[in-house]
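Okay, structure first, notes after.
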Amino acid sequence: MNEHGILRVVSKLLIPFIAIFAFYVQFHGDYGPGGGFQAGVILAASVILYALIFGLEAAKSAVPPSWVRFGMAMGVFLYGGTGVATWLLGGEFLNYSVFTPDHPSHGQHYGILLVELGVLLAVASVMLAIFYAFGSRPVNHPGED
Amino acid sequence: MSGHIILDLGLISMLLVIAFAIIRMRSLFAVVMLQGVYSLVCAAWFVSLDAVDVAFTEAAVGAGVSTVLMLAAMLLADRQSDEVSLRRQIAPIIIVIASGLMLFYAIGDMPIYGDANSPANSHVGAGYLDKTAKDIHIPNVVTAVLASYRGFDTFGETVVIFAAGLGVLLLLGLNGNAGKWQACPNGVSIGLGQSPYAQLGEDQPKVSPKAEVATNLPKEKKTIAKKTSQSKGRPRKAVPKGDVS
Amino acid sequence: MDILSLLPPWLLTHGVALLVVLPLLAGAAMAVIPRERIAWTITFMVMLICMLCALTLALQVIDQGRLSYKMGGWEPPYGIEYVVDALSAPVLLLISAMAVICLFYASPSVKAEVEPKKRAAFYGAFLICAAGLLGMVVTGDAFNVFVFLEVSSISTYVLVAMGHSRDRRALRAAYDYLILGSIGATFFVIGIGFLYMETGTLNMADMSNILDGLDGGSRVAQVGFAFIVIGLGLKLAMFPLHMWLPGAYAHAPSFVTIFLASTATKAALYLLLRFAFTIFDLSFDYVVTILSQFVLVLAVVGMVFASIQAIFQTDVRRVLAFSSIAQVGYILLGLSFLTLSGLTASYVHLINHAFIKGGLFLAVGAMWYRFGITRVADFRGLSKTMPWTMSAFTISGLSLIGVPLTAGFVSKLQLATAAWERGYGWAVGVILFSSILALVYIGRILRVAYFETPPQINGVEVLKNEAPLIMLIPMWILAILSIVIGINAGWVVDAAGRAAELLIPTQMIGRGL
């Protein structure tokens, strides 16, 4: 267990900050560069870093593959669901202004928040799914690291 | 010459050098790493072009995650790429040169970079700047365009990503255990010894009109398939390519 | 219209968006639904609703003309607009109806060809593919076309690769398709980018107005047009860009091949018509040059060359795949005449070929389902072992050749007439010659099936083993449809005529002749 001691300590310190940074990018997207795509990738990167240092199995017990599968679908649902909600409120698909008819711009804010969350969930889950899928295959070159 | 142009030229020439290096490399590990470098330089160039959001995405996706994913994929495949014979490179080179010439042909009529009166900057693009302040009240116009004005495009892009994930799920499985199941006809195979289950009929000369449901079969069939493959070598490989004869 | 007043008003306004959004959301749901049966039922219901939506839209278009829907409530040049008109409504109906027909067939076919645990996700990929094709057709925004082109392409690569549990070569075919498809998409998006540079808008109607004002635009627009034609040419398997198609059709699961053969290239052809004639138009010289010279030559070469290649294939699915390339040639030939009758013929053949090729692949899939065969030589005696399937194959096959009283004859007659009116007597000859080649490659299969005895296993002749009823119904629907159109083509030709009038406005008739 003493292998890569420094890497383990440093990454343990870094990973929470990477995840926090992902959420900063997510929620600051209205004001500066960033948004769901970038945040999702960064969030996935924090888990992938964990997997690289502590092993795929450890990562899989932290973020189980079934969650990843669920997250992929939920991301699309959250985005599409926002659109369906605007339908139910009588507007066009993805017309967020109907959320708060008195202040259309507030509705736009809520809508953008929701769909960006959907993008975050979908992107992070898919990136992890791809990583899990490749990482779990038996390797052809057992001798190499 | 302003410092900006020198910076742009420097970054573009670095991109060119890296691109040529990627083409010439045989070690796939180096190629993957260079692709990460390419993305990073690209991201720097986008920053210099004031496309900060794109730069951010390029850095996070291109230089970050996709390098790791490419490495993970490379672990499953070879470390070295095969030489491609010169004869097979001719057609792609001609296509690349032809498309490049077409692009150069268009350059003469393109608006100057950063021209405030170019159509892209004056028509809808300028409209977004005005409308975002009026309709949405957020400072980042890019987010407003992506998530609201063209939110349906972004929905489509989310589905594209989802489809990629679904594809990985279908083809590899999240636990690396996919791809062993074999399809089989719900009847009896009568192909001329070419199909993998060609010899199925050996023990049962008559075709039973109500053959078992395929889902129940795999175990039995696998053993039979093994027998045939022992007796006939590898029947799958024997299938002719079916190209023009 | 009476029927329209019976429908809920919500559907009349929002049906356009529902058509695309519903299958997308249902496709996402399939990732978490474990049960195959539930997955199939949801998929079937969703595509049925889509078909009804498309039908409603078609009726609305007949009633009111052009329909428009503002996504997100934003005005068109800023937001994304969905447009349904006489050109897109029939294609929407075709895609959704073919999806429903294929799904009947899917339940036994997918059981035999796809791993049990993956069937739900497989249906998910299918739903996303169908939604992508519908989205490509229904949208009025050039960049949105690209997004949905990607949605449908990515899921198509996966669907083709799913043939690997039947034949490992499916993986190679899917890979080839992935690479070539991505190159095509890149060309297409560069073209769109150039158009944006030239016009500053992505809305098709707006783009068309601005390009008119610029009188065709500069070299940027010309190169943009060329790139779009090449990109779409790859997607629709225009002759030298068709390399992905035979492999993809031959190794994909039967269900996927049927759906792709009858819809995917058709959606891309629709886009070519949309871009070449409504965004650009025939008052621009470069459009006339590219269409009436380059596309014409490629169409003719494709018709002859692909038909000849079809004759030499050993695998029936490859025969039909090469025949598809030749048929794309027919459609492009009609388009390249740049006349009202040429475009009508082209559109009629687009619809007819979807039915014909769908029917043929349905029958071939059923033959694999029962006997595990796809090679021409293995078709021995199929007229005795699978009489109903083989007769459906025969009807659709004759229709492909263009025998009178079938749909194929109608479209070829239209095309030949259009060629004659255009003054291209030689094109009539090419059409005849290519039809004779079709007679050879279909006749070769029919000869084996009808005039040879069924094979023997250990000295005992293989018994009759007809395909299940649920597979026979869809193939007979298409076979009968072929004959119905052959006897009374009025409705198809009318629909095509309306589409063609939209493509060439009256003041344009005669341009480029």
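Each chain carries a letter (A, B and C) given by its place in the written order, and its residues are counted from 1.
Convention: a contact is a pair of C-beta atoms (placed from the backbone, for glycine too) under 8 Å apart; a residue touches a chain by one contact, two chains touch by 3 or more.
Predicted model, so just to flag it, every value in this text is computed and none were measured.
K.L.:
What's the chain with its C-alpha centre farthest out from chain A?
P.N.:
C
K.L.:
Does A-B or A-C have the larger number of C-beta pairs in contact?
P.N.:
By the number of C-beta pairs in contact, the winner is A-B.
K.L.:
Report the inter-chain centroid distance for chain B and chain C in whole angstrom, where each centroid is the mean of the CA atoms.
P.N.:
Using C-alpha averages as centres, the distance is 23 Å.
K.L.:
Please compute the C-alpha centroid of chain A, do the same for chain B, then give the distance between them in whole Å.
P.N.:
Measuring from centre to centre gives 21 Å for this pair.
K.L.:
Mind checking the centre-to-centre distance between chain A and chain C? Centres are C-alpha means, answer in whole Å.
P.N.:
36
K.L.:
Got the chain B residues that touch at least 2 other chains?
P.N.:
Where chain B meets two or more other chains at a single residue, that happens at 148, 151-152, 155, 159, 162, 164-166, 169.
K.L.:
Find every residue in chain A that makes contact with two or more other chains and list them.
P.N.:
Residues 69, 72-73, 76, 80, 83, 93-94, 96 of chain A touch two or more partner chains.
K.L.:
Of all the residues in chain C, which ones touch at least 2 other chains?
P.N.:
24, 28, 31, 71-72 - these are the residues of chain C that touch more than one other chain.
K.L.:
Sort out for me which residues of chain A touch chain C in the complex.
P.N.:
69-70, 72-73, 76-77, 80-81, 83-84, 87, 91-98
K.L.:
For a test of understanding, state which residues of chain C touch chain A in their complex under the given definition.
P.N.:
14, 17, 21, 24-25, 28-29, 31-32, 69-73
K.L.:
Of all residues in chain B, which touch chain A in the complex?
P.N.:
The contact residues of chain B facing chain A are 52-53, 55-57, 60-61, 64-65, 68-69, 72-73, 75-77, 79, 135-140, 142-144, 146-148, 151-152, 154-155, 158-159, 161-162, 164-166, 168-169, 172-177.
K.L.:
Name, in rising order, each residue of chain B that touches chain C in their complex.
P.N.:
On the chain B side, the touching residues are 99, 102-103, 105-106, 108-111, 118-125, 127-128, 131, 148-153, 155-157, 159-160, 162-167, 169-171, 178-179, 181-192, 194-195, 197-198, 201-202, 205-207, 209, 211, 213-215, 236, 239-240, 242, 244-245.
K.L.:
Can you check the complex and tell me which residues of chain A touch chain B?
P.N.:
Residue list for chain A touching chain B: 25, 29-35, 37-38, 41-42, 44-45, 48, 52, 65, 68-69, 72-73, 75-76, 79-80, 83, 93-94, 96, 104-105, 108-109, 111-112, 115-116, 118-119, 122-123, 125-127, 129-141, 144.
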